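Structures follow.
The two complexes that follow have subunit A in common; it is paired with subunit B in the first and with subunit C in the second.
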Partner chain A sequence: MELKELSKYSDAVNELLARYGVKFGIYKNHTFKEQLFPFDMIPRVIEQEEFASLERGLKQRVMALNLFIRDIYHEKKIIRDGVVPEEFVYAGSGYLPQCESVLPPQGIYSHISGIDLVQSKDGTWYILEDNLRIPSGASYPMIARDLCRKCSPQTFQKYRIDDNRNYARLLRQTMDHVNTGGHTVILTPGRYNAAYFEHSYLAEQTGAHLVTGSELIVENDYLYFIDYSGKKERVGAVYRRISDEYLDPMNFNEESVIGIPHIYDIYRKGNVALINAPGNGVADDKGIYYFVPKMIQYYLGEEAILKNAPTYLPYYEDDMKYVLEHFDDLVLKDVAEAGGYGVVFGSKMTKEEKEHFLTLLKAEPRRFIAQEVIDFLDIDIVEGNSLVPRKADLRAFVLMAEEPMVWKSGLTRFSRNPDSFIVNSSQGGGFKDTWVLSR
Partner chain B sequence: MDGIVVKRLRFHYHMSLTFDTPIQEHHFTLKCLPKSDDRQKVESLEYDVYPNYFVSRTSDSFGNDCIYGYCKEQHRRFLIDVKGIVKAGLAPAVSVDDDCQAHIYQYQTRHTKPGAALREYHAALLPSSGTGNRPRAEYLMHRLHRDLAYEQGATTVATTAEEAMALRKGVCQDYAHILLSLCRLEQIPCRYVVGMMLGEGMSHAWVEVFDHNGWTALDPTNDLIVDDGYIKISCGRDYRDCMLNQGVFTGSCGRTAQQQEISVSVEELT
Partner chain C sequence: MGIISVEHTGQLYWLGRYSERVYTTLKLFADRFDSMLDLDSDEYEEFCVRQEIPNIYTSKEDFASRYCFDEADPNSIYSNLIRAYDNAIVLREKIGSMALSYIQLAVYAMNKAKESPAPLLELQHVRDNIVAFWGIVDDSVDDEHVRSLIKFGKRVERIDLYARMRMNQHELKREVARLNFRIERTGLSYSRKKLAHINYLVEDAPLSYKELVEEIESLQEC
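Let's turn to the complex of A and B:
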């Protein structure tokens, strides 16, 4: 395809993105720095049939993950049956005992799931990680698509591409499905959050109110939105972009000043929906990732359609042995870290680093997973006047209403550094639109 | 010692919080309501919270009854009064339908996480004394009671098991945290309990240990198996899950100092 024609609009689109405030805020050494999220005009293109297979795999995975979270906070059958060892659940930081026996509206835990995938050189897609807490990123390809269409409408006449601007409709449907009566709001920690652009954009696109904690209050057993005139109106669904920890100082971190006191108490009573449900971290922990194919088998009686990257758990003796023998071929991840931090390549460590790491690994085997380094299929980005290959991943979005829906697009992130495998935006990468062809 | 003796206890719990500058927009959660289980039957219960704009009832994920509410107006005093009659000592243990859930209490928390002092203390204990969760926990309790000195003022509510162990002193909260830490080092599920006790003018803390009989309660501060003189209020993984009073509010700039006065009376009805 002659996609290069799009690249002549690169400056125009990037200027518009900057004007719309498409930025990423990063805290580094205790200072807040905002940087633009560079957009590369050449889209990632996925054929219709290929996407259909991804779609089946993603739906299956998200169904199983939802069942897992529900099981963990209720019957715990998967632990009783010895499929997942209990220490991976209860000793992990993602498990919140406050969520025991609390059933969210419609029984849905992960309403919006961001599933990260990579494609290897042989074309196989692998799941890298599941993000079931507050996955961000859908707004970027949405607005980028919109601006590209404005700059180059002819491109979109020529190619048959699924329109990705329906994300707002899918999200609205997802929020309405669990609403317990009243307004729908998007709760943001505020202007200095890394994803503030996304919060405001999604509010605008879905017609939800954009609010901060101080505009919401619990009275008796319900949640209210207080508008500028002091009028109170009931809220039935909160798409909260505040982490569990900060959501409610009376039930989680007592020092939170951005949360809403008692919101979790009325959620427990079924009087408001929290999107996503608190406690989901129990299922997207890097240690739990290993067990997802087993969960799919356990809850759905099906083989996993999408593969995990080959993963070893040093917690198991056999795996530890393998990890020690093949150390230089593996990438090691600290299960407690996120955002591309705590990831080390065996082959890139100095002798001292390696010794230090091995001591840590042997002392706390549960803390780490090891994975084979996948031979990524590089994708081209524009640099100056030429095309250069770079590592990239794909964050696919799965929304859960009556049934799971996969957004026919996704956030493609790439690493600008040719030697880096880490594509996380908090590490300075850029993004692309993801086109799914409609025929 | 498992012989059943039952007592009818009348209790009165009163807490007053005094702030030295007025506060407002005060949200509170109070875990101060005993509830019926196999061991105790709450025959009557009344409570009063003042001032309040609203109060509501709920329960938490550890099964504790809670009062929560809000007071918007300025105030300098906040009062909680709970009284009732409880029949205690009805059974030696609290049975459970779901032993899998007990395992969430098997893992260390911020307050019970062992460090060098606890590990060293634990390593010096006889490994074979007491077999089975409850006898083993009793052995750990006897040792701890012997080796820790009861001393008020040496520790605070924020003191961890490790810190108290290093000091070798503490109060009921510290005894309970250390016993939890030791039991959890041996994979024994156990939980922190807040309650009241005959003849004690304050709230008290002890430990429940899980085995095939359910939850048995041990009082490491007094080196006793909990009997008909105890009223349980709440339980959780550690002190933080059982805080009697929790609140957030706005006040004047800087830290508003508060004085907390608690009086507890438990008397036997004959």
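Let's turn to the complex of A and C:
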């Protein structure tokens, strides 16, 4: 496929993205700044058959993860049966005791799952991370696709590409499926949140109301939106884009000023849906990631279709031994960190850094995982007038309504630095559209 | 009609006010600056008095630069445009990405004008984008309540600015007539007594501009 042709529209499309305020917020030196998210016109292209296999694997994984969260907060069979050690469940910050015995509407925990994958040079896809709390990023390829179709309609006529602009419809379907009666709202911490563009764009595209905590109130066991005249309108589903700890000062962090007092109490009673469910962090902890293939086997009786990157848990004696022997070949991740932070490559540490890190690792083995460095398949990006290869990952989105639905697209993030594997926007990365061919 | 919170009601109203303030002060500034070229006068001093903004400017050149572009001056046109943007950015799902994009384009045009050797020419693009914003609000915002809140803010601001600048009575009568039409569509509570007084003032001769400014400022406090 001759995609280089598309690069000539790069400036025009990036100008349009700037016009529509496609930005992300970032704090530097305690100052909030809005930055444009650089878009590269050359898409990641996934053939129909290849995506069908990814789709099966993603559905399988998200179904198992949902069953795991339900099990952990109810029967805990997977712990009793010795498949997942309890230390990994209860020691992680994602486990919330407040969620014990609470069943969300329709029994769904992870309504919107962002699964990060990379493709190695031999074509194998590996799961890097599961994001089951507030995964963001779908809005970027959605709006970019809309603009690309306008600038090069002939490309989209020539190649049959699944239209990814249906994300808003899938999201609406997901929210409506669990709505307990009333309006659907998207709860944002406000415009100084890094993903505020996404919050407002998804509200516009889904027809949901974008609200802040101060506009909602719990009264007589129900959630209400208060309009300008003081009239109360019932709310049945909240796609909340604020983290668990800030959601309800009466049940979680009491210092939160952006949450809604008692919202968790009425959620517990089944009177409102929270999307995604609180407590999901128990399943997307980097330590728990190691056990996902075992979960799939345990809950579904199937082999995992998608592979994890080869991972070691220094918590286990054998794995610690391996990590110490192969330290320079591994990437080490702090399970408490996110956004590309807390990731270090053994080979890039100085002697002093290595000594310091090893002391920490031996003192707190539960805090780290180690992974083989996967030689990602490079993807071309446009730089000046030429194409240059860069590392890239793919965030796939799985939405859960009556059944799991995999969005036929995804956010491809790339590193702009030729020597880096870190693709996060907060660390200077850019994004691409992801095309799934429909024939 | 969608549901609108108190917060969004205020933001829509102030989006209308600030967008109008940018549009009209750009026009007033351009007219005033043009006349200063021939008269070699410091008319900007009178401009500041009428606008009730502190005269922090050292010359007409300084006025031309800082009144338009100084980010640190809360009374500059730039600062007012940023306030319009700050209100617009939180209203995407109410006004739509298309309408919001024209406020964003006005900000880009303002930044470009600031760096331009011919800023007055470039500032025309700021005004063009504000006009386009109002046009798209009329054309594509379905919710009449949302439209009316923006337009109500716009009318209040225009009457306020026109009264401060002692514009002719005919123009003020026209703007007050538009206000009468719009205010009923906002669903907001307001002082009917004050509105009646505003209508009386614009018919009276000589027109008490000072009283008109006071009345319009206190008609609705969002």
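Methods note: the second predicted complex is superposed on the first by the 437 of 439 C-alpha atoms of A that agree within 3 Å, B and C clash if a C-alpha of one lies under 4 Å from a C-alpha of the other, contacts with A are read in each partner's own complex, and residues count from 1 in each chain.
Convention: a residue touches a chain if its C-beta (ideal position, glycine included) is under 8 Å from a C-beta of that chain, and two chains touch if they have at least 3 such contacts.
The structure presented is a predicted model; accordingly, all values stated were derived computationally and were not measured.
Judged by the touch definition given at the top, the superposed model places A:99 against subunit B, while subunit C stays out of reach.
In the superposition on chain A, A:91 makes contact with subunit B only, while subunit C stays out of contact range.
Residue contacts after overlaying the shared chain place A:175 against neither subunit B nor subunit C. Using the contact criterion defined above for the overlaid structures, shared-chain residue A:226 touches subunit C, although it does not reach subunit B. Looking at the shared chain after the overlay, A:405 reaches neither subunit B nor subunit C. In the superposition on chain A, contact is made by A:249 with subunit B only, not with subunit C.
Touch criterion met: A:262 reaches subunit B, while subunit C stays clear of it.
Partner subunit B is touched in their complex by these residues of subunit A: 75-76, 79-80, 86-87, 90-91, 97-102, 217-221, 249-251, 254, 261-262, 265, 268-269.
Residues 27-29, 53-54, 56, 58, 60-62, 66, 68, 70, 100-101, 103-104, 106-107, 237, 241, 246, 248 of subunit B touch subunit A in their complex. Contact residues of subunit A toward subunit C in the complex are 18-21, 183, 190-191, 196, 200-201, 203-204, 208-212, 214-215, 225-229, 233. By the touch criterion stated above, subunit C contacts subunit A in their complex at residues 2-9, 86, 89-90, 92-93, 96-97, 100-101, 104-105, 108, 187-188.
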